[in-house]
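Both complexes below contain chain A, partnered by chain B and then by chain C.
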Partner chain A sequence: MTAPAVQNNPRDTYRWSSRAFVLPGLLIVAVMLYLPFVWTSYLSFTEYDGLGDPELVGLDKYQAMFTDAGFLVSLRNTLLWVLGTLVFPVGIGLLVAVLADGIKGSFWYRLPFLLPYAISGVAVGVIWTFILQTGGALDEALTFLNVPGDRPRWLLDAPLNTFVMIIASTWQAAGVNALLFGIGLQSIPKEPIEAARMDGASGWTLFRTMTWPMLAPLTTVVVGLSIVGSLKQFDIIWAMTQGGPGTSSETLALTMYKETFVNNDYGLGAAVAVFLTVVTVAASIMYLRRQLSDKKEI
Partner chain B sequence: MADRIRKAILIVLGLLWLMPVYLIIANAAKTDDEYGSTSAWKPAGISGLMDNIANAWDRGGLGEGVASTGLYSIVAPVIAVLIGAGVGFAIVALKLRRGFLWFVLIFSATVFPLQMILMPLFIGYVEFGLYDSRVGMILVYTVISVPFAAFVMRNFFTGVAHQVFEAAVVDGASTWRIFWRIYLPMSTSALVAIFILQATLIWNDLLLGLTLTQSSETRPVMTALAALQSTYGGSTMPTVLAGGLLVSLPTVVLFLLAQRAFTRGLSLGQF
Partner chain C sequence: MKRNSVMGIGATASLALILAACSGSDGGDSGGGDNEDVTLGFFTDKAAWESSFDAMNEVSGEHGMTLDFTGYSDQTAFDSFVKQSFRTDSVPDLFTWHTGGELADLVDEGLVAETTDLWAEAEENGLVPDGLIDNYTYDGKQYCVPLNVAYWPVYYNIELFEQYDLDVPETWDELMQVADVLVENGEVPFHQMNMIFEFVWFQAMLAGNSPEVYEGLQTGDASYTDPEVVEVMEQWKQMIDDGYFIDPGVTTDPQALLANGDVAMAYFGTFFTGQLTDVGAEAGEDYGVFTMPNMNPEVENRQMILETSPLCVGAGSENEEAALEYSAWWMTNEAQNTWSADRGDVSFNPNVDVADPTLSALVDEVNSEESGFTIQQRYLEATPVPIYSVASEIFGEFVTNAPDPMPGLERLQAEAEDYWAGQE
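Coming up: the complex of A and B.
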């Protein structure tokens, strides 16, 4: 594998300058990302309130975590976010991409969906809080449409509040998925599709048997990114409910923050962070393998 | 015929998608009285817009947030793209030993959630006097932008023929000079794409601002907006909406102007 050691091997000529160029990046990433990473892992085995010294308590914090009712609610909500993200932002993104694929001016048709992607999670939260507040725009619209019955308390009742926040996040994220699926659809070879069309396949059958399988590698990336995005979601929830009322709409990302910076239980916060990281990394592997491989078909 | 149905569905869905945009604009422009007396769906002119924006800017603290975040989201990505380009250059052009390993190490730092580093960062920042400082915020934003920058630049430089480098060496140029005078100018499009994406990311950040700042002089704009939103009774809904509209404008305008660079950056980052 290694090249024979010749005098002019660039690896030797540039040994020091190559190190000098990589050093700044490597150094700050090591000091400010990996060192804190190790530190948090360590703190998850300790009792620590930010004052004094951390005291090793073994797996106590993990045990406390898994028996805590609030954590289990948070875990359920996180699972809802992951599932909801697969159905809505990914599903709608695919739908928009398929509908817009190949039609004239497809950029303009896709633009309304892409626009919210440039808006921050907090601003998305501001808009949707306004829409969903009691007697807000949605309630008014339902009354106008003569929908009978009492209006649900969108942001106050669990798990409805988690569900409506997933909708808010869909509004923000569907466009970028449509864009990615659009790129994928464009790069699919046209000949097999045409051949299948000649053979009489059309519409749903054509999509199911031809387009969808060829889109599969890209779908893996979009699904992976979306799952990871839903696990990391913090801003929209913070802006809309701050995880409340109580802890009813918290996800792991918020539970970690609140345990640490509100309840000052650094050990428990660290345990939640480690758990969230394990789940996120596991979900990332499916698309990362592809990102880091040199073989890229699409 | 099928095209017409597809277009119709897209238009209906697209209008539905634009509803929240319409609602925020219509209601951010109402005076408090108009907001209280009209339906959210009914526009009422724009008489309240300037007052609401001024309120959010001054009393809501968004003005200070915009100044701080403006600084963060320009300086940090510039430093990050240079550092990232250096990493890519070392690995691809200078053939750094075990370059791929270092590359994976740097890139993998984007995989875990910020939650995994927040607490030590907070403790360390307090310890070293970086907490609630602009230098500290620029530093942390630079760090979180480096992995993506390194990833894109490494991929970009892989597409550059190594003869370019060898020819420059024959001409007697130093590696430093080759980096500054040949490789960086050559990769302007990639550098701009990274800059735009990271600037947007930083502009939109809430979590780091929430954790590492406190005073209104250093607090980023989204953290200020979240505070404005949650102070019940402090600000009226039209003021909060005007604030949301105001802080969204820069990224939306940037997005519309640089839509191609955006798309390019996205596809560079994801494939």
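Coming up: the complex of A and C.
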């Protein structure tokens, strides 16, 4: 008895060859993205100073993180950044886009708002430090204008320092949001807007009942990106205050960096990183789910 | 068949990518193996000093040793790089580091080569001052050699002192009187910062108020709530409240502030001389230097804070022997004369003539037996990293708002107790 000859199935061969081509991409994702996260998660359960071998300490680092008063300040500041980013860069971006929409030469109106986006966060921080430092450009301007009263210590007093850094971030980020909203406004079909106008809708009513709902897909993207961006805000703060004085303007991203690389407590830094990742992913999923379910209801 | 080949190419490409990523040379371009002419891989966080290391290469090249310079301008990134390099086969031949706990960590892990013989020879030949060896000694053995040193005096603006007819203060009371005159005339007596150097007035005042307590804090034998420390913090608070210091929100470079007379005095390491030179200020004409008086007049010896950076040899590096040879050469009169002349800075080597007359006078004064100076380590290096991390937060806040010092000191002491308990 002889075994039946095995016939190569062309579909199987194709499946295997396609897998082989996917393999490099999968490996890159695994090595560059999954592996660091798994390693970071592991480090968060260890005592490790960057030398020698990590030593398992269970949940000690998480306990240390949640009982540290500085961590609560970081959490508060991060929340301020999320709220501030939604109100200012997103709000002003939307306002600029709406005001510029449909007017002649709107590109030139939006362009100056977009220019700061070409500058790195660190450069933005340096520029705004020059403006906001004690006796800086803003104080000089207020004195020149004979504005009475003591000058606030813009970068020294908390939470004022966080608010002014959100303003600096707004200066940089509002333009790109305006650009995105502008694209969204241009993609809205003209017919329903014209129909609403013929029915007598205009101004705020037209925007609230027609433009805003039709802009929803793009708003979802802009708000989603802003939430994630504000949760991991680092460069402007590092350039302007390094999280200080003390820890008064630290955010979670700064705490993670300082604990890991300045204080050499890799375990605690990793615990903050894991917490920040969980918060960012959870916030993104919750927001997107809500948006998508709202869309289904519509 | 054709599809099988394509599949094979895909899989091979994947493997090639991985192998390419995992393999590769160790990156070292040192020419080890040739004793006549060796290039040592050298890594430092002092990127701005590249030209000085080039100048050193011209001299060391005559001995068959040169450095292949890699400079980092961000200290945190550099520290991480060095630590990670010890997990690879590319251990740096030579690198700069920090004394204190940071060096102890490397020694504990056996990552730096021992230099006990080099120090013995250097001390025998009078190439290093007394006491400097303590910064490099762990369990009775030495590791690394000094890259440089910086003494911490007070720099002052000569024009402002002349304008208000002020003499260089020799006692703490005189220093306070000078500050009072300056404040009365609307000037700002002292510079201080709420980040990076937020600890320096604490170190100056405590070392001069109670050297024993200053040293005790470094070993856990003294407490941050001891009366001598509290006294210092209260005095410091009073000085801040009385307007003795510039607002820490001013982020203009301190050398510009001193040179322009925006502050009358700045307490800094002697590296500050180079920064003043960069803004065109001249020693003896635009600025002068005096040693910080003791806060407590009953302290017998005058106190001088000394900061030193180590030059270390990676244990097991490709050119370890040659790097040790270079380290020995680094301490010689020839090397240090070149270094001091190029940097315009002081040298740890007592045989070196410092070109800058102000610095030269300072070094002579500190090293003369009659002056009776006690050398103290800088607070940053002398304090274990976990305690220093909390201290920098607390002093940063203190410099900014001058709150009641006790809660901060109690928090600092709690951190210190935790740390020292873990060392037992």
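Going forward, the second predicted complex is superposed on the first by the 255 of 298 C-alpha atoms of A that agree within 3 Å, B and C clash if a C-alpha of one lies under 4 Å from a C-alpha of the other, contacts with A are read in each partner's own complex, and residues count from 1 in each chain.
Just so we're on the same page, contacts are C-beta pairs under 8 Å (C-beta built on N, C-alpha and C of every residue); 3 or more make two chains touch, one makes a residue touch a chain.
Because the structure is predicted, anything quoted here is derived from the model rather than measured.
One of chain B and chain C touches more residues of chain A, and that partner is B.
With both structures placed on the common chain, the touch criterion links A:L51 to chain C but leaves chain B unconnected. Of the two partner chains, neither chain B nor chain C is touched by A:P213. Of the two partner chains, chain B is the only one touched by A:I103; chain C is not. By the touch criterion defined above, A:Y34 reaches chain B but does not reach chain C.
By the touch criterion defined above, A:A253 lies against chain B but remains apart from chain C after alignment on the C-alpha atoms of chain A. By the touch criterion defined above, A:W154 lies against chain C but remains apart from chain B after alignment on the C-alpha atoms of chain A. When the two structures are aligned on the shared chain, A:P192 is found in touch with neither chain B nor chain C.
Residues common to the contacts of chain A with chain B and with chain C across the two structures: 10, 14, 17, 20-21, 24, 28, 50, 129, 242, 261. Listed in rising order, the residues of chain B touching chain A in the complex are 3, 6-7, 9-11, 13-15, 17-18, 20-21, 23-24, 27, 39-41, 83-84, 86-87, 89-91, 94-97, 99, 102, 104-107, 109, 111-124, 139-140, 142-144, 146-147, 150, 175-176, 179, 200, 203-204, 206-207, 210-211, 222, 225-226, 229-230, 237, 240-241, 243-245, 247-248, 251-252, 254-255, 263, 266-267, 270-271. Residue ranges of chain C in contact with chain A, taken from their complex: 3-4, 6-11, 13-14, 17-18, 21, 76-77, 79-80, 83-84, 86, 105-106, 108-109, 111, 194-195, 247-252, 385-386, 389, 393-394, 396-397, 399-401.
Chain A makes touch with chain C in their complex at residues 10, 13-14, 16-17, 20-21, 23-24, 27-28, 31, 49-52, 70, 129, 133-135, 153-156, 242, 244-248, 261-265. Those residues of chain A lying in contact with chain B across their complex are 10-11, 14-15, 17-22, 24-26, 28-29, 32-37, 39-40, 43, 50, 96, 99-100, 103, 109, 111-123, 125-131, 136-137, 140-141, 144, 171, 174-176, 179-180, 183, 221, 225, 231-232, 234-235, 238-239, 242, 252-253, 256-257, 260-261, 266, 269-270, 272-274, 276-277, 280-281, 284, 288, 291-292, 296, 298.
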